[in-house]
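First chain written, first letter: the chains are A, B, C and D, and each begins at residue 1.
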């Protein structure tokens, strides 16, 4: 049975984002991205997209600087959680069980080779909409206000290969696409544990600094929604970094902005593109191909390769 | 391990459709739906949507009447195929191995309680586009001509409950939504083995005839594409049965037409809606709720409950 | 010069709608349709779509019952206003000048053969957005919040032909499409004074009652916006009468709802369809053609022919 | 009557494009843009969008080099044509009557101050679709195959102001937006004779060469159609210059490509934006504002200011 796929991780659950401007960041996620507040504890506000089945998908925490707090994945069953915890301990990545988090049961935190803090959990609290947010159709978690949907996120990593191997071996993720430079160095990779073409991605950090954060992505339903979001960002004075345009890698239709805390946020649409093949053959992009820019020719903006959070010394705004 | 999910079936692979008007049906699938021919053998023509990774997703077979030939699912691994074949044999559903089918390895055919012919296979032929159909981006199976995408299908069934239990126990599918009448009879159910909210569905057959076929669905990328398809059907003289409108159940945006052979074909868009929860709680719709019609109030058309293929005696056109 | 076109009317300006539930109607137009309040006077609240260049396009007036107050058209120049006032007086339709209306200069009210109150004006107040509603781009009247755009409206009329001839002769409108029954009776017509395919329309009133109102239409930018509006109406508990679907006549993509005051409101998208031909040949639809239903086959709902405001005796809810 | 608007020009009719690669250009306009051939004469092929009411909107002529042949406008009536011909003669711009052109009656050719050849005509041939191109709905000129719609075009001009004044005085066009540099030089302007926000535009030519051509624009129905066109261009190997993105000026959603003959072609969507005000106040953009790039921040590509047809000496490919 050793060569059968590991199917223990169901999906990315929630991400903790750090912000030095918590009030403005909160207004961005609620007013501009259309998310709903679903809890508060300590310095953190918990937020959800309208169709998230769990209580929240984003934990926004006031902090001295910006960046990624942690990212949590839901295991497929209690047994699956146990198996992955054992494997992570064996790999020396485990941090110890965490018992008291809002909205879900015991979690097993661990670190990837780049030092990012991640965790696995299984039991979860299904969201119960209060009366004023009850939807009209019973197969929907919450009344439609808005825009946000399934969350995914990116990390800047110094050694992409080590992180890829860690996710494949310890967590059973598959990688669907990657960029390999002429030097043989892996410059980017996209990992999935679902039928989405990626749930999580790493791209190379230009400065050799570990544990930095590139961006978090929220999904919208259509490309038209992304264009409408661009108008909304324009009117709200939100700085647009690049897009809307279509990525060559993954073919998502993207738009990148900066939230007031300094973290990069993407809204994207993946359309009907799903990876159903259980034996998907990863797409490998060469350095030459990537220099052609995005799908319709837009050049990749320079800041995309250099900008991340927490800010580097001297980059703080 | 007994209470852990069975993850052996990866996705619906291909469907065989029977048609008494093979030439006109073929023109419909190629010219109107935008599919590509990818093989011929005997009385059958094999067809594919532009983003199918396998060689084909539809087998169109000349026949005395219309209806469903069979439906084939891909197993996740050779071991998964073995396990499911054993379970199906034990359930008395197996028909025996089939060795010589186009485009994939050995298959295990079996019958559901309603008598539909289904099969499982694992090895498959990945589609290689000829030069004139090579796409511009390497993460795409074929040049974009067109429209078709992931295929799903429906069956008319006499006893929905028996079929649901069969798919759950023998194949490890989960059901995501169902309709239960006031009498307690299950009138419809939607089953999945992926993160799509359904891959396969049964609705109650009004005449007590087993093994009939309700419709096959092809996915388009956006709701705008469905509206455009409606214009294309109108101009091509294709009979529109109902839609475009939004289903309450599953919330897909739908459009139903009849292909020249008499089989019902749906084009639909599921947007960004995915079922990621490994422990999804099935949505149960009551008879009263379903009488309200579709999401925005369109009444369900009468023929939707009565019309299927093969035609009943006296219904042949 | 007698056979040259009259070009004196520039466009439909604003419409007064009467409502017995002014607070709920106001909430509908602001919260659900996304309009902005731009004035109050007496029992009336003035409202605007985000891209209206004039101060308002809707005057919502508290009243004992629902229905149309009046409809106002803007003349192309002061001379054009004088010419039309003379022609309307000569036709016995004039009511006398009105001097003191909010947001525009002197107006010339008049009645169409069916008794609806209409008016012409020329001087107008261009909308000045307050700071919080200033748009980011200078070629836009107001910050994008929302949805509403160019307003048009329909009237139920007893004698369609008399009204058509009145609009052609006294106002210089052209009719672009009409429905003529087998009996020769004109059952509907669509009139324009711009490049839009209609600005104003009449359909036959089934009960022989004059001066009733059928619906007001607000334009959205895309068909996707209409679909999104359907979801918003569903979630807001707004009764949907029919749609979304595509009209055969005019090919607009439509959705009809009832606002809380009882008046029918349409949101529609006309896409890129414009009538540029100065000598457009009106399209004539026969009774048989109209019985086929809308463009993609939806049957015209019965209430569409019978329901109007003010309610008939016995129809009040 | 002197201060009343001149309403004599109804709309842009057709444009003649010159191409040194006539076969490849023809395939581009038919296969990629989805236009229909509707006539041939001498070295010219006549082409139409599916909803053009006249026989053609594009005349494609084999030539030694690329560029603009001429552009023809339809007068609103025979009297209007006479009036404009007199005014143009008085301005010394007339070239003399042309009697024998395909698809329309006598035309009055003239030159703008920059030397471009233009013409006015009134009588026209309404398109009659052959049986295989008959549409399903009678208010449409031709079966929907495709994409093209209302045509507009741009010209590179040395002295924008002189051309603006010519169009205002001799033809009765209004300008809706313009760019004025800090030096006071007018660098661009957009002119209309309909409710579209522009029918015709001039931008400054960087090299001081008169009579050059910037691009022709075809309209699509939605922004989603523009995105789909980008995919179609990508797959067809058509060079994309810039876009899709949203213009700040005019707010159109644009995409620029080069057809095989070297002429720039734009596909764009103007949404529901119409200029209805008869006294529209032109929007003036400053040099500083234009340096901010397009609506969502895309920088205007350098070639946009320098590239035109016919090619300059040394620019021929």
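Quick note on the criterion: contacts are C-beta pairs under 8 Å (C-beta built on N, C-alpha and C of every residue); 3 or more make two chains touch, one makes a residue touch a chain.
These numbers were taken from a predicted model, which means no experiment stands behind them.
Asker: More C-beta pairs touching across which pair, A-D or A-B?
Answerer: If we tally the C-beta pairs in contact for A-D and A-B, the bigger total goes to A-B.
Asker: Just curious, how far off is subunit B from subunit A if you go by their C-alpha centres, in Å?
Answerer: 32
Asker: Could you tell me the distance, in whole angstrom, between the mean C-alpha positions of subunit A and subunit D?
Answerer: Subunit A and subunit D have C-alpha centres separated by 45 Å.
Asker: Any chance you could list the residues of subunit A touching two or more other chains?
Answerer: Counting only residues that touch two or more other chains, subunit A contributes 137, 222-224, 231, 234, 295.
Asker: Considering only which chains touch which, label the overall pattern as line, ring, star, complete or other.
Answerer: Graph shape, chains as nodes and touching pairs as edges: complete.
Asker: Spell out the part of subunit A that touches subunit D in their complex, as residue ranges.
Answerer: Residues 222-224, 227, 230-231, 233-234, 240, 242-246, 253, 295-298.
Asker: Within their complex, state which residues of subunit A touch subunit B.
Answerer: Interface residues on the subunit A side: 1, 3-5, 7, 10-11, 51, 53-54, 74, 76-77, 79-80, 126, 137-140, 149-150, 177, 194-196, 219-224, 248-251, 269-274, 276-278, 280-281, 283, 285, 289, 295.
Asker: For the complex, give me every residue of subunit D touching subunit B.
Answerer: Result: residues 135-137, 143-144, 222, 224, 231-232, 234-235, 237 of subunit D touch subunit B.
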